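Here chain A shows up in two complexes: once beside chain B, once beside chain C.
Presenting the complex of A and B:
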């Protein structure tokens, strides 16, 4: 069915998922009451979610804890049955779990999703090869490529449970990509890793995407991941989509100012600030301003005109701050 | 046929389970001791007490029976309840559901691997035990056809145990802890009606009739009764038919529970 090219790799309409959550107040009486009449409430983890993602796109899927990101990924990969609404992934209905569909996707969620914990990664690769029906040449070529790209040659024969977090994550990625999935769901792929390893994983994913063009849906609490990998972001909160668009649009809508940092050669800062600019920090010869985006060129010209500028940088506010702002300032909808 | 078995990964998964079991040698030995100990205690008890006049089992029969109980127990054992309920609780079932591979097949293959590996110590144990009691156990009746039925009965018994255990295991979709239910249905009742504590043939007639109708006898006592030469051909065929009925019935029950359970599965954890 799905050999044909679809306009959207992922398409959901009015997607909902409810969970029933058991409740129990503190204390013995409450426990007793709960024993005879268990209390529960229904939580809408995902609410009327519409997703349209084209083949080959990398999309950042953002939201605070409990926003419904992982629930959505689980529905998209066929682990969870939606309460209502429709999902199509590569033309398949995920929860039917057709083998052709499962051969076209990979879900990376932590470091225990695909690796056999009691065996070395190379054994998992061999099992994976048989399950996914890879030919000798496909297997040999891909294993070699992935080993080289992820630099995992030295840990292939060590029992998985004895590998470091970073080694396991890289091996997990390797096994998840061995069958060259058309869609890759990445749930916090760099969580718990040190900065160097995070960077390596990001670079690998970018390189892999450049070469094989899979559709990638990525959740991460590390905004560096999102900024490095995804051009488009979808933000959900309490199961509702609150933003869907280009990362720079999100930045612009949430924060219409840029941060301008300067270092003076010497002396005091003597320059009239343009309208919409304000000083937010000063330390010695270092100054930081918030500058309205439309005023950035004017302000930069003014600063250079003073002839006392040793260095000048202009940047967006940190993405973490923006997302934090999105979720704390009245759940505003920037769309 | 064999290429089909290889191409979709079943053989690779079966081999993986063998490799895992070999990784944990100590665990295997401890598990073996646990399973060997109880039948030895029961054999000693039955040999030391005075038999009633209408007991069809002589000391020699008890010796052969309890020589074979550990063998059959181990070869038909299943850990699917423990494994599957854990997989539902810690979310590792997710991994199986995301593979283009039948998710319950892994548990079946794991049982085959685990039970086959038991032969490593069951064979020497049985021969050592046999060496000490050979002068008291009669095996003159054994014919190739009887041995064939014996092997088939072990396979059928293993399947029956796996299916009943599997149905209990799948209740993990709704019940937080199925191990107690398993202890009742697949532990206590199995030990009693399967013939571990008392050989089924020595039951009072009415209880024996019930035991012959239920699946438990076929998981333990039936193969031993065949090996002992205590069953006629019609009784053997009837036994296989009854066991097959239970296997098919529980396969259907498992399928229904699986389909319904997946819809309620919340896929917690990674």
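Presenting the complex of A and C:
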């Protein structure tokens, strides 16, 4: 079944997952009452989720805390059994936990680790080699490749507890990719890392994807991760899918304007609403304003024609702002 | 075979890890040795006041102690570190990563770690039993040896099923501290022959709470006093207990809710 090429690497239909959550009121009396008669309520972590992801795609999975992202990843990787609905990952039903399925996936969680704390990463590599039944040549080739790509040669023989967070995360990625999974579930892989290390991890993931073409489903609170890696984003909130499409479509629908920044040689610039232009910041000769997307080329041409422009840049609003807007604007669907 | 190779490799890693803390490792071996000696003294003190307790004289009691320590040390080496690790794995959510591996999860949660700190106790327990064999207290006939072998297997399987039950409870309840304490309370009941208890309790120890099969029955087998029917009954009970707990483990990972997310 696993050898067969499926149209969709991941396919879910009407996927639901409920959790029973214990309720606890404040105070000793309430705690005592709760001890003898515990109150609980059912929370729908994921509601009727439909996902269709083709092999080799990189998909960003976005949502605020508690939106249901990790729950979905856990169902897709076979950790959680759905309350209802169907899931197929590479043609397998994940919660049946077929070994062939588990050999085809990898789950990387930024806050949990495969590496043995008191042992050097190379020892964990050797354990994973046994777990995935890799031959000598497979193991040696892959270890060498990953060491080169992740630049971890100098930390392989140091105990994990003595490595920096960045080194640990790179070793964690290496160990998770030793068996060359067809699907990679990445849950906050850059959490807690500094900007340089985040960039390094992103570059590695892009390079790895270019070489081996795994399907990647990524959740991250760092929008730069999503912008750099994902061709497509799925946004969920309170377990409901609120957007599924290209990042540019999301940007365009949520924010019909672009940010234009100019630096004048001298004089002043008059930002007119009639030109589709709205000033948001001015400091000396530096202006930042919003321009309707459809009028950006016209506005840029007009500005250059004045001959008074020292510098001009055009950018999309920060992804963080867009996503924040999506979750705060009455939870309305952009589509 | 693949699972056994993985477990052996994990044991190797655990031993390397233990060697990282050499002083702690050596200290634990010494402490366990003294624990054995103090336990032995306790038995000897009893017999300064009485010639026998519930039909067990001091020599026979030392055989029981040897068997008890052997079983306890094997549990301490093979199961205890995994019981301790399980609580942490459930709380931290690291169990998630284990459950996404193509391995027999029951074997992995049961045997992924090993502790060699009780190796000394095994050595001393075996020495004690050999000494009692040399002195003729142990009746070394083929029938007794067979019954002892079967009853030791039953004993270890019963302990394993209690261990697995606790592991399942830890996963279901998401937090179960002092799991080892529960297991050790059971061991406290096995330290003495079940014959010292009143009839009703003794019956319970052969049926609902079959602690009699953990040390008393194997010791009576070595002393040539065991009934073959009791030994095979214990074997049947232990196999059933392991099968029931294995089923429970499979159910448990299906209802596992995982930490966070």
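Definition applied: the second predicted complex is superposed on the first by the 327 of 335 C-alpha atoms of A that agree within 3 Å, B and C clash if a C-alpha of one lies under 4 Å from a C-alpha of the other, contacts with A are read in each partner's own complex, and residues count from 1 in each chain.
The definition used in the following text is that contacts are C-beta pairs under 8 Å (C-beta built on N, C-alpha and C of every residue); 3 or more make two chains touch, one makes a residue touch a chain.
Note that the coordinates shown come from a computational prediction; the quantities given were computed from them, not determined experimentally.
In this overlay on chain A, chain B clashes with chain C. Looking at the shared chain after the overlay, A:190 reaches neither chain B nor chain C. In the superposition on chain A, contact is made by A:99 with both chain B and chain C. When the two complexes are overlaid on their common chain A, residue A:12 makes contact with neither chain B nor chain C. Of the two partner chains placed around the shared chain by superposition, neither chain B nor chain C is touched by A:198.
Within the superposed three-chain model, A:130 lies in touch with chain B and with chain C [touch as defined at top]. In the superposition on chain A, the residues of chain A contacting both chain B and chain C are 19, 74, 77-81, 95, 97, 99-100, 102-103, 105-107, 109, 112-114, 116, 118-119, 123, 126-127, 130-133, 159, 187.
Taken in their complex, chain B has these residues touching chain A: 6-9, 11-13, 16, 19-20, 23-24, 92, 94-95, 97-101, 262-263, 265-267, 270. Here chain A touches chain B in the complex through residues 19, 74, 77-81, 95, 97, 99-100, 102-103, 105-107, 109-110, 112-114, 116, 118-119, 123, 126-127, 129-133, 159, 187, going by the rule given at the top.
Residues 2, 5-6, 9-10, 13, 16-17, 20, 92-94, 96-97, 99-103, 253-258, 260-261 of chain C touch chain A in their complex. Contact residues of chain A toward chain C in the complex are 19, 69-71, 73-74, 77-81, 95, 97, 99-100, 102-103, 105-107, 109, 111-114, 116, 118-119, 123-124, 126-127, 130-133, 159, 187.
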